[in-house]
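Supplied in structure tokens, the structure appears directly below.
Chain IDs A, B and C follow the sequence of writing; residue 1 opens each chain.
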Amino acid sequence: MIEVKDVYYSYPSGIEALSGVTVTICDREFVAIMGENGAGKSTLVKHFNGILKPSKGQVTVDGVATTKESVAQLSRNVGLVFQNPDHQLFSETVEEEVAFGLRNFGYRDKEIDERTTRVLDLLDLAKYRKASPFILSGGERKRVALASVLAWDPKVVVLDEPTVGQDYRQKERLRQFVLKLNEEDRSVVMVTHDVEFVADCSPRVIVMSHGRIVGDGDADDILTDEALLTKASVLPPQVTQLLWQLSDLGLPRNVLDLNKAKKLLDNVMGVRTGG
Amino acid sequence: MKVFEGLKFRRRETAIHRLDPRTKFVVSIVIFTLALVFTELPFLFLLFMGQLPLIYSAKVHREWGRSVRGGLTLTIIIFATNLLVGYFSNGMVITEGLVLYSFSLAFRFIVLMSSFSIFFLTTSPDDLSLALQQSHIPYEFCFAFTTAIRFVPVLANEAQTIMDAQKSRGLELEKGNFLKRIRNFIPILIPLIVGAIRRSLELAEAMESRAFGAKKERTSLYLLRMRMSDWGALAASGLVLASALYIRYFVGLSRLPLT
Amino acid sequence: MVVLTGPSGCGKTTLCRCFNGLIPNFYGGELLGDLVVHDLSVKEHPTSELSQHVGFVFQNPENQLFALSVEKDIAFGLENLAIPRDEMRRRVDWAMDMVGIRSLKDQAPYELSGGQQQRVAIACVLAMQPDLMVLDEPTSFLDPVAAKNLFEVISKLNKELGLTTILVEHRLDLLSTYSTRIIVMDKGKIVSDGAPRDVLASNDVEALGIGLPKVTRLYRMFSEQGLTFDRPIISVDELVQEIRRRAAK
């Protein structure tokens, strides 16, 4: 469980990135942290594994303050997958890249081998096991970075902007993967500004703006709250925009899902849905 | 690292900032030369005091102060080293003269350092590059120079991000013996170098796309022009240099209390 | 204004690098067939010449701004072309006004936000007064609001200056109303080319799995159930109109 208690954070340059943030993320939760660029989302998640320590306030992971352990120790439980995989990749083979974290955490060779096989299969990278990570495509490198973090099975997986640069098909695959991760008893925290992706995943949504949390709740409630979204400079999902404009026809204002919207519109459009 | 604070450009609206970079360079050279020519404390002190009004009018005194404080360690080392060397070569005896001499050498270091501090604190890298260009240094060098400066903060940030990313995979940068620590820097260096290479390719692409190399002679948006204040400053520096050299080499210094 | 899209690896980035001669001149490799831009064959003219007619804005805002002030960056291309100072001054000011960044003229690139940086990059290209502007996923690193603002700037330039624009993008939901033509590529070939309505509504394109706007998907779902529409739907407003029309009956 990650507890953030009234945290303030200012960068060395003096800019205050977090102004009094309090939030709790429980085990097995699925959370999306949204907001415009500069709202403080990445800054917040970097407190979860101790990369940043609060200027004021406290962050605890499973009861232990992040100031009491090193980043490496905290990362054992909170795995952070950075936005740009090229900031991590340095090994000669994909296999070694995945083994890097495992070696750091003290796993033995046999277990390293097993875990590597498992995670490469999971992410459809088995065929690249002996390949150099540098020759892979952008999307594949992102998967290698993800694999290297999943290898040591952290309880919490944090993804920083996982959808940037991905095309539709890749995002679909990612969405299913993320849902599966959550089903396997892990907490998944996504930092993203891709509202359509979040609408499709329907997690708990935390909205940040100017270093503060301005919204926290179910995706259905948060992503359909017009005032909140405008305040945080977040574009609403298309489906929601559509239904807002038709609310005078009796259509609800809090729908995100494409299929749900379709069912609601069937009546209006005069479509008979069989039987 | 504080030493480098004294070399980073600060944008202010002062007369010193408005001077042509070439003028400021000459003034710095003059101060530098004078500091080398004289080892006598009173002169060095005078030279030091002479810089202060320039620093204050350029409103960069705080940054300058920080860099002097940063260089204090090195200054003390210079003092101690000279003292020790003199002690051993002088028959294991510390004379007042030796102490004064070591002190003046250490002090001279501060004067040398701060002479260029003024230059860098008040000259933007852009102006610097322009000065180089107008001094007929080939454009490629000036461009490399500006680009390097432009990307220093970017690379510093990237290095930090890479360290954070690898620490998040269990890399302990602060533990282990000397050899292990050196090995631990490989996961930092490689992404940094690969990133730098990738970045330079992207830069080259962008440069080509903006017709770099289309014409042999380039024109320039800005033009550095020497003004009355520049000529005045140059004249004053010249005068100071000339008179100081005259005093040094043609007039006896025995009247003054020295070593 | 042409939008060039397709799944990752389809070749859209490669294609747009041909327009200003980066392929084949910068990248090497083999180019069969020919590409002629503004009567100049890409194979026979160097990029330095082609870039006077084709402006290119890259994906990463940071690596295409090299000077220490916005003004100097915008002037870079003009300096390379040895444009006289007065003319340069005029063009730099004009480009800044067109894109709305005059107030940023003395700032350094790292002091700007991603959206501002991309606008500067566009101004850099604009100042060279090209006939064609190519933008390679310029909003990749921007959040949706900044992306929308950037598309508005690009669209304005296209309409006001008649500047032919080729935009490589994934974010079709934000773009469908701005473009006059969409080209879809897959595995190195063009699979669809035409008006946005026709392309986005076609079956081949859906099969490719590119990110169709959700309203277009709704339109397709309704069409499959037998409803007829005058024309394919590509924006929220259009679908709203259609729905109201039917509800009134």
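The rule is short, and it goes like this: contacts are C-beta pairs under 8 Å (C-beta built on N, C-alpha and C of every residue); 3 or more make two chains touch, one makes a residue touch a chain.
Just so it is clear, the structure is predicted and the values come from calculations on it, not from any experiment.
Visitor: Starting from the defined contact criterion, work out which chains touch subunit A and subunit B both, please.
Guide: C
Visitor: Report the chain whose CA-based centre is farthest from the CA-based centre of subunit C.
Guide: Centre of mass proxy via C-alpha means gives B as farthest from subunit C.
Visitor: So what's the Cα centroid distance for subunit B and subunit C, whole Å?
Guide: Using C-alpha averages as centres, the distance is 44 Å.
Visitor: Just give me the whole-number Å value for how far the CA centre of subunit A lies from that of subunit C.
Guide: Their C-alpha centroids are separated by 29 Å.
Visitor: Give the list of subunit C residues in touch with subunit B in this complex.
Guide: So the residues of subunit C in touch with subunit B come to 20, 22, 25-26, 47-49, 51-52, 55-56, 58, 60, 62-64, 66-69, 71-72, 75-85, 88-89, 92, 108-110, 124-125, 128.
Visitor: Mind listing the subunit B positions that touch subunit A in their complex?
Guide: 158, 161-162, 164-172, 174, 186-187, 190-191, 194-195, 198
Visitor: Note which residues of subunit A are touching subunit B in the complex, please.
Guide: Of all residues in subunit A, those touching subunit B are 46, 49, 51, 70-72, 75-76, 79-80, 82, 84, 86-90, 100-101, 103-105, 134, 148-149, 152.
Visitor: Report the residues of subunit A in contact with subunit C in the complex, numbered from low to high.
Guide: 36-38, 137-139, 164-172, 193-196, 233-235, 237-239, 241-242, 245-246, 249, 258, 261-262, 265, 268-271
Visitor: In the complex, go through subunit B and note every residue touching subunit C.
Guide: Residues in contact with subunit C: 124-126, 143, 146-147, 149-150, 153-154, 199, 202-215, 217-223.
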